[in-house]
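Sharing a structure, written as structure tokens. Questions coming.
In this document, chain identifiers A, B, C and D correspond to the written order of the chains, with residue numbering beginning at 1 in each.
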């Protein structure tokens, strides 16, 4: 089971609004349950270099079904997953990638956000993912 | 000068509608004047493999400021641009990528479409690009 | 919806038997509905270089939901999809990749086979895919 | 001298059982004595992103004929093999990759496992490798 484009677009709308609320300019990527790209937007003035980071955060969050920052906590020097970023044609393991789960808790996609501090990136990603998890944006 | 995200989203809307009119399911990518990804959607049921092709068509169209099919006509065996597809981390040179020009004729971005025959891909890309060129979708 | 590992293993069994019947030695790869690798075997004595080809054939068949040979017929010089192989980190477009469909016709994965002539590769892939399509190997 | 496919499949069976005993879902890869992929399975529900990691762990273990974790101990900042992960199109150097040795101690392949903690990954890989080393799974 995977989210639809319509759902992805609504998730992006929520994330964009959260980004505006935080006075930031974000790249926002959504992948489906197969970790394949479904939708993407770069807000005007957002860092161009954050496009690839947002794409990789979304991919990473779905590949491991967890927030990207959780992986980064383990991939530091001396950590149990040191240099895991070399796998899967490149991962991004700092915060900003969040799995999208349905109300049953199944992972149906993921969102990746990049363009500000990792705290803001994560807040925007979480806002998007929560919009779906708590009240599936289906209509 | 480059198109904005709002304009890109409107171009995508026009392209999606054209795709529906043709009874097809498309991947649609928009790059800005720097050939960097600005917005993307994959319509439900569209080929997953066409995502990368749509991205590369949009990039290719802006990198050379011409329709991708025009490059493909020159990249055949014996052609003057034989195997140009090896450059720029991969080009796609069959139809479906179209530069987006403003009313003065300046290239301000490009659209890449993939998911059906190359004729349909091109028709959808052209519909999107023309929506901007003939009546900038600004409002 | 995607095939399970147990189903993939049964499909591989059927494909291995077909390969033995044809007196060939094959690489056999199965991807799930997200085009991600699910199972793989290289029969003893099979070409090592065919491993990557089998993997790419399975991926290609799912990315475009068609037999790989159908794409190759269009990607020749002068064809409408010339050099499509440059997309998606490398495609293989000669025969030997076949989508796996359930009895409702939905694509739930794909099989890629490489190690002999393309006719044999395709025959083995088709035998595996048909084993599922005509009588889902679920038990 | 290298393990056969039949042996690889039996090693995978042992590893799968160990994975079930530990209540985990694993990606399990076996490479031959040439460090080339011989067999692979992804258990249902295992992380998609662990596929590439399992493949790289198996490759890494055979490329250097040692447990991957041993390399990771030396590839840390300040270590003698700092960032060795950049070689060979990407290595994984945390635990989960184990060489497969015959009763004479010759390396005849390797197993890579990914899907849980590195302790569990290693335990499953070791169970598979030991099944061969202590009692070659030939029948």
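The rule is simple: contacts are C-beta pairs under 8 Å (C-beta built on N, C-alpha and C of every residue); 3 or more make two chains touch, one makes a residue touch a chain.
What you are looking at is a predicted structure, and each value in this text was computed from that prediction instead of being measured.
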Given that chain A and chain B are copies and touch, would you call their interface same or different according to whether over half of its residue numbers are shared? same
Here the gap between chain A and chain C, centre to centre from mean Cα coordinates and rounded to Å, is 31
Please compute the C-alpha centroid of chain B, do the same for chain D, then give the distance between them in whole Å. 43
Intercentroid distance (Cα basis), chain B paired with chain A, Å: 25
Where chain B touches two or more other chains at once, the residues are 48
Testing understanding: with touching defined as stated, what is the shape of the graph linking the protein chains, line, ring, star, complete or other? other
Over in the complex, which chain B residues touch chain A? Could you list them? 4-6, 8-9, 32, 34, 36-44, 48, 51
Would you pull the chain B residues touching chain C in the complex into a rising list? 47-50, 52-53, 56, 72, 75-77, 83, 85-86, 90-95, 117-118
Contacting residues of chain C [partner chain A, same complex]: 32-36, 89
Touch list for chain A against partner chain D, complex: 34-35, 60, 62-65, 77-78, 80-84, 86-89, 91
